[in-house]
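Order as written gives the chain letters A, B, C and D; numbering starts at 1 within each chain.
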């Protein structure tokens, strides 16, 4: 099955997306954020919380005499002065000690003092990646569409039970849904948690507990089961760092989600997503972008061009952060009104269009949610048509829809039914997409053409105004966000001349070990 | 008395379908456990038509059984807040005639709830399923505070603007958060003596008018609500309160 | 969507089927059966039962001095002698009176005596047909696939409730499933019945009650809801007669079902099906053939050629009985193992093949039954894929699958879910089949080719041996039936020279009023 | 004691899904009737997540609720007739060694039941899901009487041929016809003093070994049974009865 698509329009869209992100990249290059700095501290080994539960990484960054220079210099200087480890430095700061003025330490000395911690941090990332590679070689994951399910009980231990059961039931990827609006916290919670709300807190310990349980299941099942969590939010870089250390395999990471859907400041998000994606690139983590959000909040037929435009923007940003196409899990969702005549045709058109425009990306396909109702029987059918579309159009990451989507976060049994649904449809229709052709000039092809030209039109408008201005004008999802409004703006700062971020330097090439 | 029982294919056969998961490995004894469990719930003719392992320690069951339980449908009252809806023109005319000014309404997703799509559907110009929202009516002045609004802020806003109606939305129901938030709002209004003269309306996919009444609300609107249902309700209720 | 099929093979299959049925038609021409004669009596107005519950039609035929001459002559003679009506004659016979020897009445006199009753019978058939035509014009039935559901409570009054509810829920055709093995009764039960077993007795009164209820619903809903029942069995001709009188719209009527699946004598079945189909032709009743039975009793992948071969045979027999293609609801079913990889492709291949080979026939598509289990959730999905196949390949009569197929005869709620399933899938994918092409030389096309050549091979073998011999050899469904074995053989007889069947004569031309 | 309750997403949350039809027109009161009905069945936290008209006088409901009922899984015994199955060769060898002759088995769909596919799957050479049927075994002599066999005829046949095992199939369960037919068979055998020394086996999609035992059968086989399960069971049971 192939759509005849206008290759020139695709090239144009890609050029426009490049033109859109390039000025933003200039901005990013000149700025950092508190979360970027906290990620640097964490990668150097800073962990734990103070007596009030505030992470030491936060205490450290808040105590910086001049954050414009970055935490690395301060940390290097303190280490050089005291011979402490970064963790000890942070603990001392939390205990009330002041940081020495880095100006007191020669640049080479402070850099040299931090070197071993930087290398250790990078080595941990690389080791995790190498282990994943080895595990995947030994325990092949199975063919795409990769069946992805969510766990969301709020309690990491119940989540673990659910995740292992899902893996046994055929899940190839497990996502731990984050406690609601964790993206708005300007810190990463700590430790094993049991009291989330509509999801479970993303913490390093929770990552570890889950990865260990899934590793055990992977060995038992003879196939590597992947683990996913959410990066987008005020702590994108830190979550990316922790995920790298704990060998998560994927992360929700969108260049604009926080801005549009969480009212996070756009400058903050742009700077954060860049560094987080550099980390993702190094750690071999596949990002999942959040285009589904356009569709759940507005009409899915109308929003299709916006989804595609956003995919181009996400791609362009990802590329600038050194992510190869193989790590770009661009998002899409099956959200057209189930009662619309020929809605299925529109879905096939869009899914196939995305597939052909991003041939090497592991596309992430999200299930119907908005039009799901308490009618679980009908819901199960809508999920089946979604499953069919996915296997026909060769989507890669397939988030299994739940028949109880409109009712509760998934029960263990719901997940089993969802996996069974996907398995049944994808087996009985395995090669269907390969055995048919789309009629030239028919409804499917025309719809694909319209979506593509609509996306080009959007990108054109954005390129003319500039991305920040376009967002201010409400171009995406009809949501307007001021350039200097929104959450986390005070955590953005311009780098000074002395600024040093050794990880950014190491990752800048985007060079990724095999 | 009109006793009503579930209907499979014959009046009063009491046929019910159940499904559930048990945290035990599957074998024939698990099927029997499921059967006994459903029998213990009070069902008869329990037939475990499907039982299977869904993972190492969990089994899933589909059961058909009969219940003897009945309810007297003639005594069950659940008056709907939704009556025969008026058109935009009729609502506007009613408000103009009986109230003589725009009605001020404020809507919000209260507590930690961020699901604005539902309340937006009711309030925004665009509306829902082809039915325009309250912003479109000449008779309403609409304030939409959006998501995650603390009840304190909502009550303060309502007082400051002297609104006629508060529209509170709750979509997340996990761990009873919807009930807690709705209750907090009603209680705060009472506590501040701000309840009187105010139309208090609850909405969300799990809301029923009956539930809303129990929580001390004037009306409750559930899944599938159209803006005009809400507009009609407000216009009628407030008109009825007008002297003369 | 079009399969490139070997038109020459299709023509060959049709020639072979003709060659197969022609010798059987010679046999049919020379024989009659007790049920044919009872149908003639019924059409002349004989109705009711004796004190023991035996239908007067049976009493009359059993009392014939020489059945070889047919009941019409005897009846005509009795009327001519006594001036009674056919009903009075039958009642008198039941009361113990002997029939006069027709030889005592001049041929012209006895024929003339019966004329008015023959004409009245034909007039009732034609009036019912005309009324259907008028109703359909005024209350259009809606587009195919026509949603067909079954009711099967055993109690005609509960069935009526269920049928009206189904009609309100979207059903376009309602079938009253017959009490089990009614096909083995050599009489048609009488009156309204409430004690069926796995279904409800097919009686004239039950037909009438149901048709009245559906007529009322049709008026209320503004669309004509069709009614169906079963003819195949020992009373095919009588059921066809009663259905004609009571304005049923369709009938299960297969030229070989009784032989293979009910062990009814083949000579009996061949003679009966012919006259019953002549009646169907006149009354505008669409037949539904029973090829699904091959698939429920054996492997559906292997049996596909047998299904097609049987369709050709049914078509040939139907044509000989004067049925136009528009009344040939040739059967097929979605019965391939749901866990077979690419099973859906095979189903699409077969459904589309049938569609193209019989372009003018209102194909009857039967749902998955054999592989349905107590897992209603999965069952609902299998039904969805069936629904999709049906709408893609433009099947006409669509028997809605029930998620509880493996559990019980449908509950009222099951039927609502089944209708919802069909409606959802057929709406969201309404024109999908029209917007795709089948890949030339791909799996789907190759499968269709194999099925067609397999059918030609079967027909070739049958043509060489003769149909009766082939059935004796177990060619169909691996079932062997001796030519003179099976039920109802004693009800078959050779016509003598004086034999007269005025209805057969009237219907022989196959001339069907508009 | 190991009390087992339905599991939604948390141990012992008791979560159960129900669906049913009520013979009443749909309105908000119908939802409430459904809620009260399920509450009366003894469930708590009853949530009517779907209620809609399916026809003029009938409404369909989907409900989630919690049950407090638990069963003690550790006390539930439902020993399966299916053990570790032997291969054809092993079964044949066991019979040859312990019995020293072919075992005669007769199978039939009894009463009015005409669903022969199941019993054929067990007996016919071809078998089921790639597992050969009993006709394929050297150790069995198989008589398959087919469909709609009166229990009198079956018992007569069994006596005349002096069979070792009777395999009775029942697929239709409507109005308890399966139980009635199985019982009639067992009783007739008792009445004719033909039960002793005969292995009596029941099968069909709704049969469990436990049910079969209650009906006086030696073994019962349900959905998904493979021929080798039955072959192994017969061979083992009859071998065990042999002296020495």
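Keep this in mind: contacts are C-beta pairs under 8 Å (C-beta built on N, C-alpha and C of every residue); 3 or more make two chains touch, one makes a residue touch a chain.
Nothing here was measured: the structure is a model prediction, and the numbers come from that model.
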Subject >> Which of A-D and A-B has more C-beta contact pairs >> reply: A-B
Original post:
Among the chains, which has its CA centre at the largest distance from chain D's?
Top reply: A
Original post:
Measuring from the mean C-alpha position of chain B to the mean C-alpha position of chain D, what distance in angstrom results?
Top reply: 43
Original post:
How many angstrom between the C-alpha centroids of chain B and chain A?
Top reply: 34
Original post:
Roughly how many whole angstrom separate the Cα centroids of chain A and chain D?
Top reply: 50
**OP:** With chain centres taken as the means of their Cα atoms, state the distance from chain B to chain C in Å.
**Re:** 50
Subject >> Junction residues of chain B, two or more chains touched >> reply: 7-8, 11, 15, 17, 19-21, 47, 49, 58, 173
**OP:** Would you give the residues of chain C that are in contact with at least 2 other chains, written as numbers and ranges?
**Re:** 373-374, 377, 406, 408-409, 411-413, 417
Original post:
Which positions of chain A touch chain B when the two form their complex?
Top reply: 154, 164-166, 168-169, 180-181, 197-198, 296-297, 370, 373-374, 406, 408-409, 411-413, 416-417
**OP:** Flag every residue of chain D that touches chain A in the complex, lowest number first.
**Re:** 7-11, 15, 17, 19, 47-50, 52, 62, 64
**OP:** Name, in rising order, each residue of chain C that touches chain B in their complex.
**Re:** 153, 155, 158, 162, 373-377, 404, 406-413
Subject >> chain A residues touching chain C - in the complex, by the definition given at the top >> reply: 1, 338-345, 348, 377-378, 380-382, 384-385, 388, 403, 417, 420-421, 424-425, 427-432, 434-439, 442-444
Original post:
What does chain D use to touch chain B in their complex?
Top reply: 4-8, 11, 15-24, 27-33, 36-37, 40-43, 47, 49, 58, 67, 69-71, 73, 76-80, 82, 173, 206, 208-210
